[in-house]
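Labels A, B, C and D are assigned to the chains in the order they are written; within every chain, residues are numbered from 1.
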């Protein structure tokens, strides 16, 4: 009998990868989202069609890119288009199934902040800013957010709405003219949060093996609701872990 | 047309200019940025979708009064500490910012290249960017009544890009990830292109963008001029240099030492591998 | 994905559809147009920037109820007589027209491909096109107050284009003058591409446009399918055939004889040289 | 001594070619304008930068194209761009020095008709339509029109304004927001017409050798004014004629 062990980052990555289906088109953010998408493509979703905002369409990189525009992305793409084209003809036109995003802060309605911690005019911490995220969150058919769990990151209300999740609740996306469904899952190193179909508030719907729901609630800055039928993430397989580690250099 | 880089910068860039040094991870005009630092230009409005470490350096050197951008970070590494320091502590000088999304910035350049005063997009709706940026407005579709975001055209005084090659007439060829460079050049009043090499003939390459010499004001030869970013077909991205910048940029003293070294160095291209 | 042309037309095109068979002089999908005539489709809204002789044929055959266009002629030869006859004498059926400039049509496709309801341009101002086309309106720039022309997005039910090659998955590659084909395909609900050949691998070609298989619904092999226009790298434009059409198109009887011959012929590609 | 003879089309073409200066950028219409631009490039203006609306920038065709998008235009271009790009990035942006256009009808204010003869709703003759002309006439720094002279073609008021020349007189282009100077010369098989600087009405400013001003007035559908200092076109040179004939197959 084999004892499989893994890190919390690894099970987060594997869980995010599993959320992708074969042949989906995925607009991939750099960092954790990129790792997860590349794991999916090397395991159960070989036909995953990855787009990076640098204009690389249908790329199949042989190793993980450090940036959104590494040469390996262009070398292996079906085609490389300009930045206006990737945003206008591909993202804005509604062709992308899922946006894979990271975030610095997220709130109970899955609104995302990557701009500032604190006041915009006099910030405590200045973050990189919007990048492609506001329109990825608006226009992809749905969005998956991948980020590590902490009270600093999971807040009642984000300091700055860089990208709209579910606004302040039901009907907000429609009112704002956002055509995609918005964040349908937030995958963390502790578990999985999904918006309640009625209230649109994020609810804990799954935990990773060995994680207690209370530990997740403790790491969340609002009074996190827990689903009645809380799922437990199936353990990563050897094959999944081996792909994650080959990509990240972990062991 | 083809002149040394220090001369090209002296001729085209002036204090107070709005200047875009564009490059989307690939082909970033680093050598030109360093020359701007060396020449001590001041009060520039720096424009770029993805300001990375060369913008961190320009900001830390006090060249910029304003930054117009959509994502300012050290790609894959983390934050830009000189940028943070300028925004949060006005060091070495205050830095005004105007902040967009990538889609908004890309369309601003498209409008600028197209001779239009503004661009429309589906974007920004519901974000806090809107209330913090008077350059994000709305228009109503005269056919459907839908409300869309509107952003003003971007027309820099000067755009600087780096490319793989130019011919002796100054026609420029770049390929690989070409980002927003064509639009940034066409939107600008003046354009400077640094190149890896000058060749007799620009043999066609798949995925190429050609900038005809009539839209280019100066070409300067700067082999390795995009390093530590990369030039597709010439050398690869120096990921270690990006990682190493974090420690330098994080500390005012370390940065100041770096800056003094840069200024003391002659105007020469960055070292980089060739023909990878 | 890869099916015979008659099957592809049967699956994708229906009476009453808005259909664009695009091609800017180069790569005109003539074989597909002839198959539409053979299948006797009716009441189509035909869209194209440059309707030429294959549109003259579709109109003369009574397939079209409306034409949306910017320049309808026999390039370098003269007028389209079937088009003229339909507009001035409603023969064989009345033809409604909606008329734009090239810049307007091109931007309508761009808006359609971009998921926007309309496009803005500097155009039409002062022309009589404005008062004869309710789809030409104005918007005011929210930054400068300037008034600009606005045109609605074009989103055909079906777009048909011809390309040099596809791979076995249905990824399409075209090069040379690529006109408005990418935008027309991306703007459409359904897309049919006829190709000169299917190959194992699409080796990159300078100036290529790639249409990923996920935006293409059907590929049909139709060697010579752009003749008498041309396919860059395969065969040249048959200028004589364009000149010869003038006499056929000019006369209802001559045209009817041509039409009967076309309908009687099996669904096969036009003859054309290869590998020029 | 050599006796040079030429046709009226040939001197029209040569005169139009001479109006181009070396290194100008020229947006070229098909037919007579294309012939003239190619003559210029092969004589005094080798650096003429020709754009055809099919997207071929800086093309140097080895023979005259029959259509606006013949393969020879792409084969010999500096670069080929998409149709939206040629209209938006090149024409609309105001980069083109001169538009070279033909016309079916032109009026005393150099307004151009290529749409219908007669009433738009029930036309006597249906013409091809606008093509690129409205925006070429609007956005090029200036426009040259090349067409054969006849009372049917040179009318007091065009049946349909496809492309605006000088509207109904001074100030109209500015009022309409047209940024180029508009038609600065009309070159025909009889002579040259230019807008009066004050009234913007077309005036006969030059005749080809052997053409009487009255013959031009006779072929014009309005009371054509004749400039006091009427020029006579210098005769075509052997070199010019030889280039024209090599391109058109004439002799």
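Just so it is clear, contacts are C-beta pairs under 8 Å (C-beta built on N, C-alpha and C of every residue); 3 or more make two chains touch, one makes a residue touch a chain.
Quantities reported herein were computed from a predicted structural model and do not represent experimental measurements.
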What is the minimum number of touch steps required to go from chain B to chain D?
1
Taking each chain's centre as the mean of its C-alpha atoms, which one ends up farthest from the centre of chain D?
A
Approximately how many whole Å separate the CA-defined centres of chain A and chain B?
28
Provide the C-alpha centroid distance between chain A and chain C, rounded to the nearest whole angstrom.
41
Among all residues of chain B, those touching at least two other chains are 110, 115-116, 121-122, 146, 182-183, 207
Chain A residues counted as touching two or more neighbouring chains
79, 88, 92, 139
Could you list each pair of chains that touch, in label order?
A-B, A-C, B-C, B-D, C-D
Applying the document's contact rule, which stretches of chain B touch chain D when the two form their complex?
110, 113-116, 171, 182-183, 186, 210, 212, 214-215
If you look only at chain D, which of its residues touch chain B in the complex?
25, 49, 57-58, 78-79, 88-89, 92-95, 139
Given the complex, residues on chain C that touch chain D span 24-26, 49-50, 69-73, 75-77, 79-80, 83-84, 87-88, 99-103, 106-107, 109-110, 121-129, 132, 146-147, 176-180, 182-183, 207, 230, 232, 236-237, 239, 242
Chain B residues touching chain C in their complex are 115-118, 120-122, 135, 137-144, 146, 148, 150, 152, 204-208
In the complex, chain A touches chain B at residues 30-31, 53-56, 65-71, 73-74, 79-80, 82-84, 87-88, 91-92, 115, 120, 122-135, 138-139, 160-164, 167, 172, 176-179
